[in-house]
Every structure is written in structure tokens, then in C-alpha cells.
Amino acid sequence: MALLQRYLRSPAAVIGLVLLLLVIAMAISAPWVFPRDPLSLAGRPLQWPGANPNFWLGTDNTGRNIAAQIFHGARVSLLIGLVATAISIGIGIVVGALAGFYGGWVDDVLMRITEAFQTLPNFILLLVLVAVFGSDIQTVTIAIGLVSWPPSARLTRAEFMSLRSREFVQACRVLGMRDARIIFREILPNALPPVIVYASVIMAVAILLESSLAFLNLSDPNVPSWGNLIGAGRGVLRVQWYVSAIPGVAILLTVLAVSLVGQGLNDALNPRLKSR
Amino acid sequence: MSLLSIEGLTVALPKGGDRPHALRDVTLELNENEILCVVGESGSGKSMTASAVMGLLPEGVLAESGRILFEGRDLLVLPEPELRKLRGARLGMVFQEPMTALNPLRTIGSQIAEMFRVHTQLSAHERDARVLALLEQVRIPDPAAAAKAFPHELSGGQRQRAMIAMALALEPKLLICDEPTTALDVTTQAQILELIRDLQRRTGTAVLFITHDFGVVADIADRVAVMRHGEVVEQGPAAEVLNHPRHPYTRALVAAVPPLTPPAAQPLGGETVLRIEHLTKTYRKAGLFGRNRRVTHAVRDVTLSLPRGGTLGIVGESGSGKSTLARCLVRLLDPEAGSIHIDGQDRLALTKTELRRDARRIQMVFQDPYASLNPRRKVGELVAQGPMVHGTPRAEAMAQARELFELVGLDPRGLDRFPHEFSGGQRQRIGLARALAMKPEVLVADEPVSALDVSVQAQVLKLLAELRTRLGLSMVFITHDLRVAAQLCDRIAVMRQGEVVEEGATAEIFANPRHEYTRALFAAVPGQGWTPPVAFGAEEMA
Amino acid sequence: MRILLLALRRLAASLPTLLLILVGLFLLLQLAPGDTVDALMAQMGGGDPAMMEQLRSFYGLDAPVLVQLTRYLWRLVQLDLGFSAIYGKPVSSVILERLPVTLLLMGTSLSFAFAAGMALGVLAARRVNKWPDALISTLGLIFYATPSFWFGMMGVVVFAIKLSWLPAGGFEDIGAGHTGLARLADIAWHLVLPVTTLALIFLATYLRIMRASMLEVLTLDFVRTARAKGLSQTGVLLRHVLRNALLPGLTLIGLQAGTMLGGAVVVESVFNLPGLGRLAYESVVQRDLNTLLGIVFVSALLVILVNFIVDLLYAKLDPRIAAER
């Protein structure tokens, strides 16, 4: 409760939360507001926003309703963001916890692997994965999760390393607790808050990665992704620039919302830092 | 007229804090060529007083009323540029932690030279010459090398000497020392105190010396002011305040200082509960390609024994290996040679699983009351956890925790609270209850009172002594403080660089230290010439 | 000298990482449907199975995986990245042709992002919680949240299409036949939009880290010492805070080198720049796995190189590092 109060004290965090709730509302209401397939032909192509009361955000170059694609796209973006983040944080926590708790050769091996992933540019690795495994939406989501875990592993590892030497953990050892219990029940709850906050960064990156992939026509063409729409609008950029502009704003606002919420959470969890 | 006079100074804390004022109506006087010690426990406002004089109050903290007259000028109304001219030049300051108080990325020499760059027109060449002279004056070995060194390349004592050199660079009229020896070992502390005293006598500088340690006060002060909760409760000449304290708080503080004379020895049986033989622990830091390989002998061939119901004090400075020894005893660290027998069972021969099952024989109390309790668990659970891990049903373990809480002098109603709701001393009691819940045969206590204020320290020491008699506890007590060791330990082992240099009955060692290092250690204890006029623990805080 | 040795040791430590990457990627590509021969056949519009078999044994694709892996690694040691069936030349020469453009784009963007990010971060930290800080921080957040390709496209709409100030894409105006300085100016002209696009995204990151680390350093004890010496606010910042606060930003360059290369792929595609990133994209589309693998190898080398330089700089700035290891 105190956490929520501290969170709501920051206007930026509140704006972020409102924006995020708005995007979530769009995602949930999409099938009711726009029951038709958003990728089907809806009307005359390239109608400017406002020109036709049926299409308040206009139509794209193949005559699809842009507003419908924005609403349905919110589902895609949020879903990809959430699932990829869960995958990435999951791998990161396990790798980081083991490396940080045990140290020694376990740490060496796990950190070499983490470094290997970090040395590869994540977008290029994503391209390789998509080239090898194809680009349907599940593959893309898993691939994004796979390329973005190293930072969360490093963060978890750092937390574990500092907590491991803390006296309360030593006390648990002296009491005769098993390693698994110490890792998951004693250390992890203390290590989790910064990792959870970092999840917002991963989610933002995941949404941006998918949209870049879609923009390059390398994501699933059968889902109404915002990136796909921007890519489609490229051909008519000279005149009908709104086709690309509108979904871009949607991405911007969603990523902004996620980042603001993350930052707000961080400040609420570390009130000391905020006050100075 | 006095050099510095603080008159009715009241400093307000930002709203929403635990109290409205950091300082209330503080009045102090400091004359030229005089050392004024401001003594107090944490939160007494002693450091805040120093910051106020320097004009370095934290953001949001404001002086509300009063005056700080320095050479006749009120520092509180002086504009910032004027104040800057005084800082460093006429007002010097030495901080507690020389490692963090120095910029890690710049050499010692350049940081000292900065004093001249800011306040004088000296050429680079002249500045370097002055830096060398200063470093020589504070008796740093090899001043030329020290000037080129970065802070991390010097020892703690040398860093503090460099800080003092910096503070004295422009021969300030007033030197403020904020706990300048608290972070240092006792022998280094003695040297630094001597240096400050010596320099003060030679230059006639006035010194405002902030400390929590009455021993240091006895060694260095001309006059003393005692602070509590932001107020000065008593001030006067050192001899007066130390030997005839009038205010009840001062009396309680003085009574909390453990005297250097051990109490009468308690009778002990001949049975040995813990026997450590030839214990050795070495740290190796392997560098790639065999470079920079460093070997530290943390514990070297240590042989000791603890009689049942007795307390063995392990005394030493930082780096002596005393904490490593404690961690080897509870097997947080694995020693590579030797044996540890408890009741005839060799702990080093046990496998990891056996060790875990048999954890109850030896338990530990830790140093840091803040880091030693998991902040996310209720304290009752923390105490019950140990027995529960070993199969005691929850209800039974919690009932036990309740009893233990009473035993260590805590209100059992607090079982459902989280650690942050308790004070440092209370947390140490919780840590003690956690260890006692396992009904250990041997209790290892690693500096359990050194993070506590002196009055709380006296209470916890009293509790430990009581429990020892009541429960027949056998204890290994790690400490750097000879005064504490004197009060609690039946036997004492003095460690240096991983080795036990001397071991014997406490009274014997205190009366007649044989090893030269032991003697040096005793000689360095501050306040030897002073015997607290109130008996240890006779008067307690209201 | 000591610093160089230290950095070289770190460089040596990244060799196992590189090996891990290569083995991992090679095994990954074994999972890919279709190989070089399939790609060639597709290029030629089909062929009979016998010829495919022949080609396979010619390229050594019929050997056991382990043998292929060893051969592949051995070739890499000789800097032979294989042959691109699509471009009809060795992969290494294809990559070398494209590399300068990417290096130029990344180098310029990085310098710009780092310098501006640091400056703005300092500015924000000096006015913390006042309006300049709020403005800078908000702008930083918006840049961070903007997809780079969209930012580039909107830049094209505004500055190339509506205002006609800047070219919409390409590396240079080949038709104009510029030489010497004129050619350089032309290239710089073409790079204004791409560099700005790539830099703004990363500027946000540097700005945030610089602001945070300035605020962090300002709370440290030695800052109080500096003030107690009588230094002015600016003196404290310049002489004591700045250098300490720079270190996390420097670390970030190393950590972000890979991300930046990834960003280059997208930006090069938006602006039709003939760089490594665009090549990566093309080889995915054309299923030219040899080239793709080569690009991954080269970009890993690039990231390792950047980290090597960062290590050198860091050790130069922070004397504690050389002492530690």
C-alpha cells in the first residue's frame, strides 16, 4: 500500500500507468470494437484520417482499416512483450542465481555463455534465428526472449553476489539449510525487486525488436503488427505518410508507458534515491 | 574572545523525519590552542555540529536560529563566496573514512596541492615542494612516493595522515576532526591521535574533535562537551567531566565504558568442549599466466582449546585472521589443514550433508545487526527457522522462539514484526536468540557488539555474561576491543597475521603480557590513564 | 604498458567466448532447412538430384558434422569466410566492401551520442528536479521509446520530402561524380539523417546513465572533502565529479556496441545505405547463410574490438583497475 502511495506521488509514473492501461484496454476491446479481421480489405485504399467517418484513422495502401490494425496490434505488441520478457527474465534469473551463488567454475562457464550472447549484436542474432527457424509469431517471440536475457542474468548475478556474502545468508548456512532453500527462499526474494524493475526495460526492447523485425518484413505477415503497417506505409511515404506515422506513435506511446511504469516502480522501491 | 563560539544554534531537519531538530540550542566555545571533544552516541548531533561550522549541512537541513562566530564573524550569515575563502584556508576538516573521503582517481599529491591551487598563487613547483614538506610533517614513510600514489595504494593509517596533511596545508586556525580514528585499527589510532596532539601543540591550532569514544577523550581533550539528541547536556574541562560527571546521561555513558581490569575469574571445570589443532587457511588469488599470484595466510597453524562453560576471546586487529578463524569454526570456510573437535567429533571430517544435519553443535552470532537478519522475514520466523529446518514442528518452534525472546530481554509480542522495526541492539538480541534456538554446545560470536553504541554495547555484554552463567554457554568471542575482552573472556588469544602470538588466562595476560605485539596492543588502548569513576554497568540510560 | 598488458589479457579471455559463439552458430545453422546448395539451385531455378549431390560433396557438405565444424573453424583461422553463392564472390570481400559504411555510421553516431549524452546528463544533474532536468529527461525518454526506423522515416518525410533540405537515402550521389573533398562533403550530407537517427536513440541511454551517475557521485564522501577545501560548485564538478561519473558511461559503450550494430541494420535499411547491416538483411531474405554467418563473425569481432578499446580507456581513467588484476 505504501508502495502504491509512493508510486502515485510521481506525475510521470501516473501518466505512464494511464497510458499503459489505455493500451491494455485497446488490446482487450479489440475483438468487440473491430470484430472483422483487421487484415481484410475494408474500403477504398489510402483514405486520409477523418476523410471517411467509418475509418477515423484512414485506410492503408491495400485498403485495410488502420484503426482496426492499431487496436489489434496492441494485442500483438503486449503479448510479444510479455511472453518474451517472461522467457528472458526466467533464463536470466536461473543463470544469474546459479552463477552468483556458486561462483567458481559454475560462474565461469555461465558467464562465458552470457558473454557470448552479449558479444553478438542482439538484432543480428535475431535475424539468424528468424532465418533458421522461420518467422511465425511464436518463433519470433521465443527468439526475442532468447536474445535479450543476458542483462537480466548479469543483474541477478550481481545481486546474488552481494547478497551471498551478507551475514543473514551466512546465518542460514550455519543453521544447516540446503542450498536450494537458501537460493530460492532466502536470497531470491531480496534479489527480485531490481530484476522486476528491469523487466520493464526488457519489455520495451522486446516491443521495439519485434516492430523492427516486422518493419523489415521479417516478422509474421499474418498478424496485425504495428511494425508491419509501418513497413507497408513505406511505399507511399512521399504523400500518404500518415500510414507509417500513426502506428509509429502507437509504438512510441506503448514503449514510453512501459518505461515510465518501470521507472516509477524503481523510484517507489528506492525512495531514498528519489528524494535527493 | 574565543576563536569559535556557537551560540544557541538550532538546526531544523526536513519535515517528515523522525524528529524536528538535528540540533537544539547548542552553545559551545573553543579557544585558540585548545582541543574540545564533542562526545555522543549515534544521532546525538555531534557530526551535524561539525557540518554546521563548515557550512556543509546536507541539503534541506537549515540552521534556524543562533550564531556561529568564528574570529568574530557569524558564519551563518556569511555569503557563500566568503565562506569558501574560509573553508580549507582557515577552517580545516578531517573526515572519518579516509578511503572514501579521498578522490579515488587522483593522486594524493594532486589532492593536497589543490589546497594551494584554490587558495594561493603558488607556482606548480612551489606547490609540489609544499606537498612534500606536509607529507613529511605528518610522518608518512617515503613522502615522494606517497605524493604520486593513488588512495587505494596506501594503508588506512597513511591515508588518514594524508587527509590530515591536506587539512593542515594552509595552517588553518581551526581544525575539525569528525571521528578521524574510528575506521582505524587501535595501534594506528594511537599513532594518529599522537600526531594530531603533536601538530596541535606545535601550531597552536584549535581542534574541534568529534568522537564517541571516552578513551579517546581521556587521551586528547582539554575540554569536553557531551551531546544527546541534538542538545549539549554537559560541558567543562576534561578532568572535571571525565572524573566527576554530573549529568545522569554522562554518568551512564561513563558507566558503559568497560574498564581495562578484568573481573574476578569464574571457576571452570577441566573438560574441554572445543579443541582446535593446527588449523590453517590460505587464500590464493591465481592470476592468469601465473602473474600476480598472491597467497595470504589468513590462519596459520592455530591451536587453541575452549573449556566447557568458558569464554575464549580472540583478539586482533583487522587482517589478523580472527574473523577467518571464526568462519572456519562454523565451516562457512573450509580450512585446508588441521582439525576442529567438538566433544570429540572432528568437524572437518564430516561431509557437507552430515555437517548440515549436525549444525546445532556450533552456532554463530554476527557483527552487523543490519545485514545479519533477512529483511523480508518476520523476526519470530527467523528465530524458529533453525529448529524447523531440522524437523521441529512449526508450532513448537514458534513457542520456543517466544521463550527465547523473553530470555534475551525482548517483548515476545514483537515476534510478528520485521527486522527494520527494531533498533541495532534489539537486532543483536534477535540474532542471539536465533543462534540459541539451536541449543548449541559452542557459540561463536564475531564482534557482536562492535557496531553498537557504547551504552547498548554494555547492555548486550551484560546479557551475554548472564546467559553464559544461566545456560552454561561455551563461547568463542571475536573482538578487536581489549576493554570488551577484559569484561567477558576467561581466556584470551592474541592474533596477528594469521598466527596466535600469545594465549592464556585473561587476568594473566592483562597483568603480564609477554609477547611484544601484545604489549604494543595494550599500549595503544586509548584512555589507559583514566579509570571510569562509575562502576561498569552500574548506571543505565534513563 | 601495464594497462596494455591488462587489456590484452582481457582480449585473450574473450577468445573462448568467440569460439563458443562460432560453434553455437555453426550447430544452429545445421538445424536450418536447406543449405548452400539449395540456395544455389534456387538461384539457378532448380537442378537434378545427381548434380546436387555432386555439388554437396564439392562444398564438403556430405561430411560428418564434426568434420565440417573443424574445417569451418580452420578456415576461419585463415580468415576465409567461405563463398557467397548469391554474390558470386568470397564472403570476406563482400563484407569488406560494406564494412566502411557501417563503421563510419556507427563511429559518428557513437561519438555524437556519447558527447551529447554526457553533456546533457551533466546539465540535467546540475539542475536536478528543476525544469531543465525535467525537459532533458523527458526528451531522453521519448527518444528512447521511439523505434529508430520510424524516426528515420519521419525525418525523411520532414527534411527530405517536405523541406527538401537533405537527401532521402543512399550513401552518396554517384551520378554527380564528385571526387576528393566534394565527395566527402556529399557523403557527410547523405549521412546527416542516418547518423542523427541512430545517435538520438543511444543519446537517451547515455544521458540517463550520466545523470544517474553524476547524482550518485555527488553523494560520495570525497565530494564533501572537495567542498571542505573551499572549491566552488563548478570546481567540485569539473575536478572531482566528472571523471568519476564518466566511468559507467564508458562501460556502457562496450555493453551497447552490439546493440548499436543491430540498430545499424535497421537504419541502413531505411536509408538504403550499402553497409554491413543492409547486407545482413539481404542475406536473410536471400537465404545466403554463408554471408550471414560471416557477418555475425565480423560483428562479434567488432564488438570485441570496441570492448578492448573501452578497457584501455577505462584502465587509463581508473587507476584502481590496473592494481586489481
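Per-chain numbering from 1; labels A, B and C assigned in written order.
As a working rule, contacts are C-beta pairs under 8 Å (C-beta built on N, C-alpha and C of every residue); 3 or more make two chains touch, one makes a residue touch a chain.
By chain, UniProt protein names: A, C = ABC transporter permease; B = ABC transporter ATP-binding protein.
Given the structure is predicted, the values throughout are model-derived calculations rather than measurements.
By the count of C-beta pairs in contact, the leading chain pair is A-C. Relative to chain C, the most remote chain by averaged C-alpha coordinates is B.
Taking the mean of the C-alpha atoms as each chain's centre, chain A and chain B sit 47 Å apart. Remark: chain A and chain C have CA centroids separated by 21 Å (rounded to whole angstrom).
Across the assembly, chain A contributes residues 276 that each touch 2 or more other chains.
Interface residues of chain B, counted against chain A in their complex, comprise 59, 327, 330, 332, 355-360, 362-364, 366-368, 371-376, 385-386, 389-390, 431, 434-435, 438. Looking at the complex, you find that chain A touches chain B at residues 166-168, 170-178, 181, 186, 189-190, 276. Listed in rising order, the residues of chain A touching chain C in the complex are 12, 112-113, 115-116, 118-133, 204, 208, 211-212, 215-216, 218, 227, 230, 234, 237-238, 241, 244-245, 248, 251-253, 255-256, 259-260, 263, 273, 276.
Interface residues of chain B, counted against chain C in their complex, comprise 54, 56, 84-89, 91-93, 95, 97, 100-106, 114-115, 118-119, 150, 152-153, 163, 166, 287-289, 292. Those residues of chain C whose C-beta lies close enough to touch chain B in the complex are 9, 12-13, 220-222, 224-232, 235, 239-240, 243-244, 317-320, 323, 325.
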